[in-house]
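Labels run A, B, C and D following the written order; every chain starts at residue 1.
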Amino acid sequence: MPQQIEFRCQIVKRQQPNASFVILTFASPEIASLAMPGQFVNISADKFLRRPIGIMSVDREQGLFSVGIRIQGEGTLNLSVLQPGHYVSLLGPLGHGFKLDNYDRVITVGGGTGVFPLFFVQQYCQEHGIEGIAVCGYRSAAESILTEEFTKTACAVSFASDAGDMTIAGHAGHALAGVIADLIEKKADLSRTLIAACGPKIMMRTAAEQAAAAGISCQVSLEERMACGVGVCLVCVCKTKGSDGEIENSRCCADGPVFDAEAVVW
Amino acid sequence: MVNLGVSIGELKLKNPVIAASGTFGFGREMEKYYDLSNIGGISSKGLTIKPRLGNDVPRVAECDAGMLNSVGLQNPGIEYFIEHELPHMLSYGCVVIANIAGHQFEEYADMAKLLDKTDVDAIELNLSCPNVSSGCMAFGSDASMIRAVTESVKTVTNKPVWVKLTPNVTSVSEMALAAQDGGADAVSLINTLLGMVIDIETRRPVLKNNAGGYSGPGVKPVAVRMVNEVFNSVDIPVIGMGGIMNAADALEFMIAGACAVQVGTANLVIPTACNDIVISMEEWAQNHEVEEISSLTGCLRRW
Amino acid sequence: MVNLGVSIGELKLKNPVIAASGTFGFGREMEKYYDLSNIGGISSKGLTIKPRLGNDVPRVAECDAGMLNSVGLQNPGIEYFIEHELPHMLSYGCVVIANIAGHQFEEYADMAKLLDKTDVDAIELNLSCPNVSSGCMAFGSDASMIRAVTESVKTVTNKPVWVKLTPNVTSVSEMALAAQDGGADAVSLINTLLGMVIDIETRRPVLKNNAGGYSGPGVKPVAVRMVNEVFNSVDIPVIGMGGIMNAADALEFMIAGACAVQVGTANLVIPTACNDIVISMEEWAQNHEVEEISSLTGCLRRW
Amino acid sequence: MPQQIEFRCQIVKRQQPNASFVILTFASPEIASLAMPGQFVNISADKFLRRPIGIMSVDREQGLFSVGIRIQGEGTLNLSVLQPGHYVSLLGPLGHGFKLDNYDRVITVGGGTGVFPLFFVQQYCQEHGIEGIAVCGYRSAAESILTEEFTKTACAVSFASDAGDMTIAGHAGHALAGVIADLIEKKADLSRTLIAACGPKIMMRTAAEQAAAAGISCQVSLEERMACGVGVCLVCVCKTKGSDGEIENSRCCADGPVFDAEAVVW
């Protein structure tokens, strides 16, 4: 049976936490039931190419899913002004998300728009009895986003801001260092702990290094410019190390966007 | 009942819609979304003698009515293709075309020799990839090279050989005639138009490769003109492409002279594009009482 | 304070925005809508020795991101222009360029001789009009002809001579170099891409002339690439155009290597386009702390 | 003082008399006050080029004007679905309309979408004490349009339909023949009568021939594919006879769309 890939979904809710971000909730029982944390949708934004946007949360019962969007250029601007009632064509759910099922504890490390898909990770952890710890880095308290939601959903949170006006002063790496140190101090078993990172490349790389240093597994969600989002056009490749250590091209859309940090060539 | 079947020389397709090279992989991703036996054929991602990693990213730039790509022929190499991809492709139940691109003159014939031993239905010579620096670009704009490469391939295989033409030339019909002289069984056109998109904030080309190949609806008027021009100058079949997004676009190419069409960039925006086009084309033919879709080929009434 | 002034060789423009030939008439209609001294210059409708009625209608076909025209150089002839239009144009307070198109080799020099006695600021040789059957198309794709025509014009006038290049060639930089060799003071590009739009219901080309010249945003990636290519190969100034709809587009061309730009089709959709672009360009420069707009020319940081 | 040419006008009313037609009313004091019968606007219709549409009526007091649109292709379809509240960019008023001021009696002869701009002629006649006679040809009564409005506005009307289900069976020419015969029978002075025709070319040509035979002045409104609508691009030309009888090109947009029938080369 062929799988439906394109959906015309109605926007059922639009929230705008601040001038730079909107959260859109779509009705789509199919995507809501199939989506896994770390997957994304490729949305028509009244431009020639679709725009890849991570899935932020699902309501499987009501058949809804949400995305968080930062207004960046024309495409995201077009999306940001859409009102409830409007239908949008989107492809999804796409890509390979985070592999969470072998872990007892997941530390999400997010910055920028990376916090959106990671919220879905926390939601999943909560539902599946995995200890979720949320580390988020923001520019400032004023520009922070989803802090309440993370606080409600995760077992523990640690918020950092460059401006120094949140719990931790500095970037997400500083907050992550604190969380790791805490766990080590508590002599927590880190063998079944995962660091799931999504955000600026430098942040993910730092998180991956911190994870490696502490012997913690780490998965990161990469971003590349995409066209198809389904793996046929090869425009979205990133360099990865194959099992034999050789450098290969992986498609960010179809082989990722989530990769084992160890496989990534930074 | 509409008959959507078309012939490209000896080769029969159940309908005129072929997925264009580089926009459909080897079909593995798309077969999840619809039954690939619904479409006329698939042209493989461009193949080279050796596996290629292609160019650095960004490899895509958006523009008003299309996109530019600079993939640079990333592919697993002809041998891997023949062993691991072709058998599966042949199981789809549509015609399979191997699209090949050589770095050197001899490579085309070398690849064709390997393909000749397989069940692939046709070989498409990509003489015009704009994304490989020391590459095939030069072949595609030199009539004598086109003729020579085509001849060299025809010598080593009995498979139908299609020559894919670049639009980045002064006279595309001169190139088409050269392909015909070289023994080509068909010509396919257009490949991408060479273009550039600049980010005015960074003052850099968006593509890491600086320039890239422009495709999508924005190239359609040029492509239709070239297909008609070539149709009027050669005796071999013409396969048309460039910006086809829907059945009306496909019909425009057929009327201009194409016996079949290829659909490229549309697949990247609507994964089921080829399938959708076949369905709408049938509907259109029914409504217009066209019994044989092939009767449209070249029916343009020039003023 | 931003200085929008640019120089094209010796010729100074108060800003880099020139209305492109064929999309602005002789300015009479547009002067009703804004003060034409706000823009850098106007290139006249293409002029020929004798008055021309042009082609039959339909002369316009719409496409996804632009339009095709087949006006076919309708114009009142060079003598009428010099007597009845040029004096008024010279009163607008911007630079005035006479765009000329010859049927025969000698006609370019003949027209230039007449223009040499006037106060026109520059002469633009349209070597590439795709809409005249037995016309200048051939000149534009033959490097030796470009060189020869340019030389013949330079011999009879001291006015700056700009050679306008067609994109319908294999190597636009070869053509630009030929213009430079012939003594051109600048090259301007691109003219329209040859295209065709077919009405699938009537099975007829929309244009009575069958094919026509494609312009508008859909041609921009090709135009930007060509401007950059030419900028990298000649030493004379490059004037860029093709699909400029707003200030960002104009800046893209300048970064690619244009010292000034021409705005064509945009005038047909937004009559005040040139004026709007000047205003937004100034705003952009202010916000980006660019003091001399001319400093942008060719600042592209190729990868 | 430069004249404003582009306006962003709000749609204040949308009527859909039948499946093929919509009437849109725009707020634009400028266009409402300047427009003359036979002029047109060039409307953005979410396609690359604008669409030329004749002005159907003006309400100079309230600063409104209306256009009647037949759904023909994508552009008019896009216009037809616009709802009140929406803003649309348009250029106008454009072109030269009917020259009515030297006439005591104006017979409008319309077919197809031609009836829309002619309604403005009747409105003008009513306001200026000119005797207006409206001749309209339709395919059938079911597809007829503006009949009530013409009946209310003109001094006399004559409706024809090809289907034979209206007053006159046949096309507008048949109805016009009746009107002219009536006037001749009544020995009306025809020297200051004008026939103003707008519709299919064949209809206008017939009207022009009837006018010439009866010694009545005639003006016709021509249609050509346009781009700029303001006279700069020369794509919209039609062949006309100059004063010296020589064939010239006139721009339908700027020199027309209304021409003396005698000047038209059919």
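Everything that follows uses one rule, which is that contacts are C-beta pairs under 8 Å (C-beta built on N, C-alpha and C of every residue); 3 or more make two chains touch, one makes a residue touch a chain.
Note that the coordinates shown come from a computational prediction; the quantities given were computed from them, not determined experimentally.
S.K.: Go through the assembly and pull out the chains touching chain A as well as chain D.
M.R.: Of all the chains present, none is in contact with both chain A and chain D.
S.K.: CA centre of chain C versus CA centre of chain D: separation in Å?
M.R.: So the centre of chain C lies 37 Å away from the centre of chain D.
S.K.: Averaging over Cα atoms per chain, report the distance between chain B and chain D in Å.
M.R.: Measuring from centre to centre gives 49 Å for this pair.
S.K.: In chain B, which residues are in touch with two or more of the other chains?
M.R.: 61, 63-66
S.K.: Identify all positions of chain A at which a residue touches two or more other chains, and write them in rising order.
M.R.: There are none in chain A.
S.K.: Chain touch graph shape: choose line, ring, star, complete or other and state it.
M.R.: Its topology is that of a line.
S.K.: Chain pairs that touch, all of them, please.
M.R.: Every touching chain pair, ordered by label, is A-B, B-C, C-D.
S.K.: Quick one: in the complex, what on chain C touches chain D?
M.R.: Interface residues on chain C, with respect to chain D: 22-25, 29-30, 32-35, 45, 53-54, 57-67, 69, 71, 74, 216, 265, 267-272.
S.K.: Chain B touches which residues of chain A in the complex?
M.R.: Per the touch definition, chain A meets chain B at residues 2-6, 47-50, 91, 224-228, 230-238, 247-249, 254.
S.K.: Taking the complex as given, what residues does chain B use to touch chain C?
M.R.: 61, 63-66, 68, 141, 168-170, 193-198, 200, 202-205, 207-211, 214, 217-222, 224-225, 228, 243, 248, 251-252, 255-256, 299-303
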